[in-house]
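Take a look at the structures listed below.
In the two complexes that follow, chain A is the common piece, with chain B as its partner first and chain C second.
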Partner chain A sequence: MLKNNVEYSSVSRTPTELALKRKLSPKLKDLLVIAGFIAPALLIYGIFVVYSIGMTFYYSLFNWSGINNSFEFIGIQNYLNLLKDGVFWEAFGNNSLLVASSLFTQLPLGLIMALLLFSPLKGMRFFRSIYFMPFLMSTVAIGILFTFMYDGNFGIVNQILKAVGLGSLQQGWLGNENTAIWAVIATICWQFAPFYMILFRAAIVGIPEELYEAAMIDGANAKQRFLKLTLPLLMPTIVTSSILSIIGSLKYFDLIYVMTGGGPNNSTELMATYMYEETFTNFNMGYGSSISFAMFLIALVITVIIVTSEQKRKGAN
Partner chain B sequence: MTKILNKRMLCIFILILSLLAGCQPGAPTTKTSSNASSSNAKTLTIWHVETGAGEQSIKNAAKRFEDKHPGVTVKVVRQENDPYKTKLSVAMGGGNPPDVFHSWGGGWLKNFVDAGQVLDITNEVDKDNYLEAAISPATYEQKVYGVPIGMDIVPVWYNKEIFKKYGIEEPKTYDELLAIVKKLKANNIIPFALANKSKWPGSFYMMYLAERIGGKDLFNEAYERTGKGFDDDAYVQAATKIQELVKMGAFPDGVNGLNYDTGQSRQLLYSNKAAMEIQGSWIIGNIRNEMPEFEKKLGFFLFPAVEGGKGSAKDVVGGVSPVFSVAEKSANKELAVELVQELGSKETAEEMANTNGGISAVKGVQYEDEYVKKINTVLESAEYMQTYYDQTLPTEVASEHLDTTQGIFGLSITPEDAVKKVEEKAKEVIK
Partner chain C sequence: MNIIKKISNMPLYALAIILLIFTGLPYLIMINSSFKSQLEFMTSPWSFPDAFTFDNYSMVLSSNFIRYFGNSILVSVISVVIVIVISAMASYPLARMKFKLNRPLFILFMVGMMIPIHTTLIPIYLLTINMGLYDTIWGLIGPYVAFSIPISVVIFTQFLQDLPKELEESAKIDGCGHFRLFWKILFPLLTPAVATVAIYNFIHIWNEFIFALVLTNSQESATLPLGLREFYGEFSVNVPGIMAALTLGSLPLLLVYLVAQEKIVKGIAAGSVKG
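Now for the complex of A and B:
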């Protein structure tokens, strides 16, 4: 496109332009124009992503509190400590749990809700807004709302359990080490399923109607139409959603911070909340940075695996 | 055509330039603007965590300061208690701290003092104006780094109506307290309201039991590394007693998930579902703010003596709050020091004590409030004040203490393991 433009503009040349043309070879000129367009985004990306990642790694090589000027270079000692740190592995386990539950709850739930929105019922617009509501709410508001809902004495969750005769299951959901992580994960799924619903809905709308008509003429029933048509055509969206969901879950922070702060007794600690605690509460900027960088490495490896396997799949097709 | 090309180039050029301008580090620009405005209008920023009446006292002090210094504006910013600690360290680390900031003295403030972030105000403050116990947490190596305004003690608050209804008297011994717990439990009332998500409320139980069992020297020896340690038998016993209470059902369900800041423990008191709460005297301020009519039901006693223990039932757990310090990086240090002096004046301390339920850190204050008078009597008759562990200890040991104590309440760690972990951390950090 760019090249065409340049050639087009060179149809009628003014003397100055000719002079410019003579000095710069067309390739170099193209390069300059391209660079000019890329530069703004590249600069922002470079400063806020590449540079930050570099600095995080740099800080992780020091024993530094974050508030003073005494840097002590300790090499990879922070990383060695990290490998031996039980809390970090517990946090990593919780992150994996969150990844799994996001993949196997949020995505299917989002898909089901998206399909439901296509059913010919009255008031679907209304339901579409309702379904999307959780994603529009502020995370802190959701966190506080659910904290009250899970409250052992006044919470609606326990009241409902009592009302349906499951009173024996009543407990303080967020305060119990065995239930806290599930209570938070349920909230996270509630918040994010609508996001995938919107993605899937958009993708389904994009599937040409003719394909369904053709399938119906061939005598395909609803189940066949879904399995042989909708699902395969949704595959790219499903892959994208999975990547979003996995990366999002690996660096998740907000609701945990609001609802449990990583407690009780680190039972809901995620890598990001642990990093935050070490960096800002315990004044270990160096160690916190090593946790951040480890998170980056883990996310990078997983993304590379997904992307390459996706490319292989495409190649096989 | 040249024009078009030039326009295009110009556009790109402007885009890049504006981007570069936008990427300029913020510090120099803010500096020039503050320099430019310093000739006529100066702004001081103060960060505090007081709510309700306490916040008003600080605003009034700021107002008095503004009246004395025409052209100076004081920006009073309230921060939420628990996130405040991280927020300040981010601001300090980022080189953009508030001019005047809140702390509780002790180990936490010392982090910033050691990092050279706090102004030494020894010569600007008359130590004799303040209670010894109040100014010492902000004094390191004979240098004063902060001005205290108030002090709090931590008694056991209780609902007088509930106690009367079941014929319960204030307990004199720990066994009597256990009997009360059983009686309340039998009547379907939660004995202790507690919200332990942020970990410090549970720490009160640990501090009191350890002090009552091991005596007042226990903590100081462990802290100064001059004898007993944090793995002393008294700590094991204290932790065991907490777990006994947990198993008796003395606390609400899911106690480690409830949040004091959002009122989840106080709700239990207000709705008569719980009878007692061990909490700082700032709870009076909370109650007046949230449910003033509950105040007439409120009574308090000090944590009772444990049979055979070395501590006295007159000793209290307490601490200093707020302490105000000046940031070393403040652009208007002299003004900030004067603001701190205004905050630490008798006027502010008196107002705060009488409206917010704390003791004044400034000497010679007249108490009007009924609770404050009583609390003051308790503090005066106390032989020893145990300052909060989490404010006194270095941050890492404090975190370990809070984490393990939360684990003790959650029954997920044994008393022996818990105290061992704190001792290990103390060995590593305190030298």
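Now for the complex of A and C:
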């Protein structure tokens, strides 16, 4: 470090730099420095995120196809239509189902996998390597792969059912209105359980070994150690994971788009797939904007609820 | 004693193996059927291949696949480099300087993590057309960078806050300006955070789908996820061929994962929990 400092002090400054230094008050100079450092990120973020959200709201007040010039101001009519739109509510219901299923399948499964990694089994490194792999595959690839696996004619799911004597259950899983959403949910679980495993593993690593040693000396058995020690200490991670899975489930799109496109008969429609369809297939950009702004509002409300309850919980502790 | 211990571990092993099959089987199926001829796949889709054939792979490689692959590499690498530079810069005043808008600006960036991409899709689509970047891979870089900024700024800011204050005090005494102080002294110390940011964002951008779907149209500017879907639409009867494409498409991340497993796992965990 010392060597570096010597180096810097010996660097000579250009005349303009010196002139700037004399002219500007230190406070103003600091402000310029701050602005200079933040500006590039703020500019890109401002244009593509902040400005875009504002424009989405603006477009949502118009009846507008997006391909011709008829741009008719209709106030909140799009939102009133949205509230009466059965497909939107079906999509919202499916999003809620995704939230629930991710909380009650992905998180527990991830926790079980993480706990297994700390069990005294041989070859755990190998298990861990394989367990994490689903998270690395692109969602599009997963969608295509699982579409084949669920296929009614040659899909492996049907083959396995036949092999275990449940041949009567064989069907085209994605073509059936009653099974499609569950087939997709199982796929999402496959994709994301490893992700939560990684989060839980990182948290368990952070628990001091001495706590377990002390608990063992006090005669706590494995079940007690888990319920009284591991689980409470994992609570912050469980909260974080829940936030991630709720927000993630609300904006879910890729897999459904590739596997079912929202069908059959809207049975797997999500807010995001419906918004895409209305905007880029049916060319109702005004209405599509109102759907996407509704998604933003829902995410915002949930975020505020989580953040405030988080703060209360922290305050209570 | 040892035997008893082994037996008591049996249920755990059973569970571990069931989960191994659950997570690994789709990969196995994908790789396995990619080595079959179309005929063999039709007669026995899920058995091990009788004769390994690489025909599917040469078919994929002679298609547009290389182009998709190149596009993905280009877009991901450029985006990640830009994200690292501008997010690290933005984090410097946020972490180490006092000013009125500090907290509001940090919150503004942080909120970005909660925003559904779809809420920005239509304006970005129109903006891209107006800028003349529609259907080019360059049009993807802006949105990719913008949506990677929140998590990156949070990671860098937290990391910078933990560095000792004396660093800039001694630099200031020596008359070292903010710019040099940041790039020459602080940035080199950020390496672990840079690795996290790079890994986390690279995986997400490499697999990104919706912006690529909306902002590009032709095969020339398609990225890998889009190309895979294109492939799927074009050769939907040729299942082994598609499986070969999926395998090749998944290979880069898998290879990197095998080499730098611990780093990637840590990067994902750190990136997510900070968020």
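The criterion applied here is as follows: the second predicted complex is superposed on the first by the 270 of 317 C-alpha atoms of A that agree within 3 Å, B and C clash if a C-alpha of one lies under 4 Å from a C-alpha of the other, contacts with A are read in each partner's own complex, and residues count from 1 in each chain.
To be clear about the criterion, contacts are C-beta pairs under 8 Å (C-beta built on N, C-alpha and C of every residue); 3 or more make two chains touch, one makes a residue touch a chain.
Please read these numbers as outputs of a predicted model, since none were measured by experiment.
Applying the stated contact rule after C-alpha superposition, one finds that A:Ile144 touches each of chain B and chain C.
When both complexes are overlaid on chain A, the residue A:Asn176 reaches chain B alone and has no touch with chain C. Applying the stated contact rule after C-alpha superposition, one finds that A:Phe37 touches each of chain B and chain C. Contact with chain B, but none with chain C, is seen for A:Thr260 once the two complexes are overlaid on the shared chain.
Of the two partner chains placed around the shared chain by superposition, chain C is the only one that A:Phe132 touches, whereas chain B remains out of contact. Touch criterion not met for A:Ala91: it reaches neither chain B nor chain C.
In the superposition on chain A, A:Leu234 makes contact with neither chain B nor chain C.
In the superposed model, A:Ser119 makes contact with chain C only, not with chain B. Contacts of A:Phe296 after superposition: chain C is touched, whereas chain B is not reached.
The partner of chain A that touches more of its residues, comparing chain B with chain C, is C. The residues of chain A shared by its contacts with chain B and with chain C are 9, 13, 17, 37, 40, 44, 47, 66, 144, 148, 154, 276, 280, 285. Those residues of chain A that touch chain B in the shared complex are 9, 12-14, 16-17, 36-37, 39-40, 43-44, 47, 65-69, 144, 147-148, 150-154, 170-177, 180, 260-261, 263-267, 276-277, 280-283, 285.
Residue ranges on chain C touching chain A, taken from their complex, read 9, 12-13, 15-16, 19-20, 22-27, 29-30, 42, 45-46, 85-87, 89-90, 92-94, 97, 99, 105, 108-109, 111-124, 126-127, 142-143, 145-147, 149-150, 153, 167, 170-171, 174-180, 182, 184-185, 203, 206-207, 209-210, 213-214, 224-226, 228-229, 232, 239, 242-243, 246, 249-250, 253-254, 257-258, 261, 265-266, 268-270, 272-273, 275. Interface of chain B with chain A (complex): residues 1-2, 4-5, 9, 12, 15-16, 19-20, 23, 82, 85-86, 89-90, 92-93, 111-112, 114-117, 190, 196-199, 252-259, 262, 264, 267-268, 271, 273, 395-396, 399, 403, 406-407, 409-410, 412-413.
The residues of chain A lying in touch with chain C in their complex are 1, 4-6, 8-9, 11, 13, 17, 30-31, 33-34, 37-38, 40-42, 44-45, 47-53, 55-56, 59, 66, 112-113, 116, 119-121, 127, 129-142, 144-146, 148-149, 154, 156, 159, 190, 193-195, 198-199, 201-203, 237, 240, 244, 247, 250-251, 253-254, 257-258, 271-272, 275-276, 279-280, 285, 288-289, 292-293, 295-296, 299-300, 303.
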